[in-house]
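The following block contains the structure, expressed as structure tokens.
By letter and in written order, the chains are A, B and C; residue numbering begins at 1 in each of them.
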Amino acid sequence: MSAAPPPVLEVRGVTKAYGDREVLRGIDLEVGEHRAVALIGASGSGKSTLLRCIDLLETIDDGDVFLDGQVITDPSCAAVGVRRRLGLVFQAFNLFPHLTVLQNVVLAPMRSHGVGRAEAEAAARELLARFGLQGREGDYPDRLSGGQQQRVAIVRALATHPRALLLDEVTSALDPELVGEVLALVRGLKEQGMTMVIATHEMAFAREVADEVCFLHEGRVLERGDPGRIFSAPERPETQQFLRRVLEAGRL
Amino acid sequence: MPKIPRSILAVALTAIAAVSLAACGDDDDAASSTSQTTATACQKADLALVTPGTLTVATDSPAFPPYVIDDDPTSGKGFESAVAYAVAEELGFTAEEVKWIRVPFNSTFAPGPKKFDFDLNQVSINAERQAGADFSSPYYTTPQGVLVAGDSEFADATTVTELKDAQIGVQVGTTSLDAVNAVIAPGKQVRVFNDSNDVVRALKNGQVDAIVTDLPTTLYLRDAVVEGSTLVGQFEAPGGDDWGAVLEKDSALTACVSGAIDSLRDSGELAAITEEWIGAEAPVLALE
Amino acid sequence: MAAVSSVVVLGGLALLIVSSPGWEDVQRTFFSWEVFRDSFPDVLRGFWLDVKLFLVVEAVVLVLALGVALVRSSRAPALFPMRLLATVFTDVMRGVPVILVVYLIGFGVPALGIAPDWLVEDPIILGGIGLALCYTAYVAEVYRAGLDSVHPSQRAAALAVGLSETQAMRHVIVPQAVRRVVPPLLNDFISLQKDVALVAILGPQEAFRVAQISAASDFNFTPFLAAAMLYLAVTVPLARIVDRQQAKARRRQGHVVPA
């Protein structure tokens, strides 16, 4: 028991309020090595906020977040160091428009990990090629389709070899025909054993890729469990209502 | 449309002609003929004077050194006072027959009848003023004066060469810039300022080593504006202002006063007076 | 068609001016070839001084203004006094005429009696400082507008990949901000290039002063025309170059498609 390694990410009793508005009301979450946890929930339930808190882009009011067993939400903990060990991809506006694809990818390895240019570029080219982006290294982001842009954003997050990847609705701003290529990439990452937290509205995808699904409702994790069970037999009425609404919207 | 400029041109040409006529007094021929005029038409008894038998001379109130010493023109001390008595003597008046009155600078050349026979008040001859009053041939042409701070390394200069390394300042639109470049030919480009306030400011601040203005201004700046400054000296340069005695427009006396001044110049007496009263204040810088 | 209409309009204007009754006088006093030819070398020498001063002041301003803008845009509570100082600085410098600042620095600093000799004796440096102060304030505001225009998610994205705040500014936000403000920056460049002539009040014989001296000696204003042509010779190509670069940048990155 004591020999078991700590989970890669652990969130314990995290609360967060913007002024009077309580957005997170005591979140607990555990993500073991090589596991993918899907966060689902209505708009405004706090998914993005949770991911931003884990990546220390927001300060939390209470609770703790641990990365590989170390608390990272302590004020004495350097946020930059933590962010270097995590990858976070937003739903939109991820890429730096003034830099080429290659420059986008090598920026962090070179500037914050001290990797030499030649080495960083070689690694970046290899990664881009692996995810079907060869030949686009010299293009500026606006020359890419939305799906390609999100793939580059994910590649960029991978370039620093993060312990875990936090994906915040990476397909929700895409035209439907572009969603598939991005999801395929995430699927590939899962197969390679990447530890991930995936906030998503793509229920079929969550069901297929995630090892665990967490249903967030008004800042709380109301229900969690095996994807098959959550989607086929949700226990909580809120979960049932949410899934029914998603079904009506034609997304399941 | 060219009508207006042409009429202005006409006035200007007339003025230039007048000035060059006055300048003819320098010619030997003209000088001798003027002397003759003095001899014949300028007999003391025949002169049309404000007060018969008395030569009424005007100057400003107060009058300043070195033109009038101690604001007392009757003393004969001071450049213009001395010139006045010399002219009087040329015309045959004794010192006792000279009477002084005071007239403000701007009224001297304003058109209209005058209460004086002539006025000496550092009035520069120009066309505009000649439209309202007569001017004698010039008794003084302003040279340039060099002013430095009292503790300046250039305070003891006696030659223009010694000023070559000085940073010199002048006012824009004056003849000083050309004068400095032609006579001193300084090594450092002359600084050119908008107005005399700025020139003075620059000297006081130590931003320039020396300022060059026409000598009367230099004297004024030294005495009233830049405390503790030293007037290094003066040098002649083309383009100086000509000062003339002011008389009533078309006065019969004008030719006589001009004649007197011309003969004082020819005899060297005018130069001696100038040296005595102005040269003492501002030694002439040697051109070497 | 555009060419034809331009020719007609410009030709008509030219004809109107040349046939006006005052044209002969104007031509003589403003467009005298002899005067132009005689005064041009001196004016050009003066202009070279303007160009050098412009280049140095511009370089200084571009750096200082960015500093001021970054301070004003910073959020760190520890920087509050600096932020206040930067705000007061920009407010004051933008509110005071450039000529006044040049005058106050140019004559006021030497009058204090604490400035070193090399500074007191160099009106170019003093004037340059005055110009730099004013234009730092103008350009800082331009930069600040540029910094504000970069979407906050760019900062978040930069932090998320592991950059520090400083690195995010330097590599992500500032480059984008600067690109966006190139046209307003150019406007300030051009007005600085013209305002450089204000240092003339401190004594140096730059182009405008040289033209003024020359014009004062013979009441012919052609030297001013020579100076004006030199200013145009710099500002017009500058405007064209930046136009072209802007077009290139638009072609290259244009608007950013949301992912």
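FYI, contacts are C-beta pairs under 8 Å (C-beta built on N, C-alpha and C of every residue); 3 or more make two chains touch, one makes a residue touch a chain.
Quick caveat: nothing in here was measured; it's all calculated off a predicted structure.
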According to the touch definition, list the chains common to the neighbour sets of subunit A and subunit B. C
For the pairs A-C and B-C, output the one whose chains share more C-beta pairs in contact. A-C
Name the chain whose C-alpha centroid is farthest from the C-alpha centroid of subunit A. B
Which chain has its Cα centroid closest to the overall Cα centroid? C
Measuring centre to centre with CA averages, how many angstrom lie between subunit A and subunit B? 92
Just give me the whole-number Å value for how far the CA centre of subunit B lies from that of subunit C. 47
Could you list which residues of subunit A touch at least two other chains? none
What residues of subunit C sit close enough to touch subunit A in their complex? 151, 153-154, 156-164, 167, 171-172, 175-176, 179, 252-259
Where on subunit B is subunit C touching in the complex? 1-2, 5, 167, 169, 172-173, 177-178, 189-194, 198, 201-202, 204-208
Complex contacts: residues of subunit A adjacent to subunit C: 52, 55, 57, 79-80, 83-84, 87-98, 107-108, 111-113, 140-142, 144, 146, 149-150, 153, 156-157, 160, 173-174
Spell out the residues on subunit C that touch subunit B in their complex, using ranges where they run on. 21-22, 24-25, 107, 110-111, 117, 120-121, 123, 200-205, 209, 212-213, 216-217
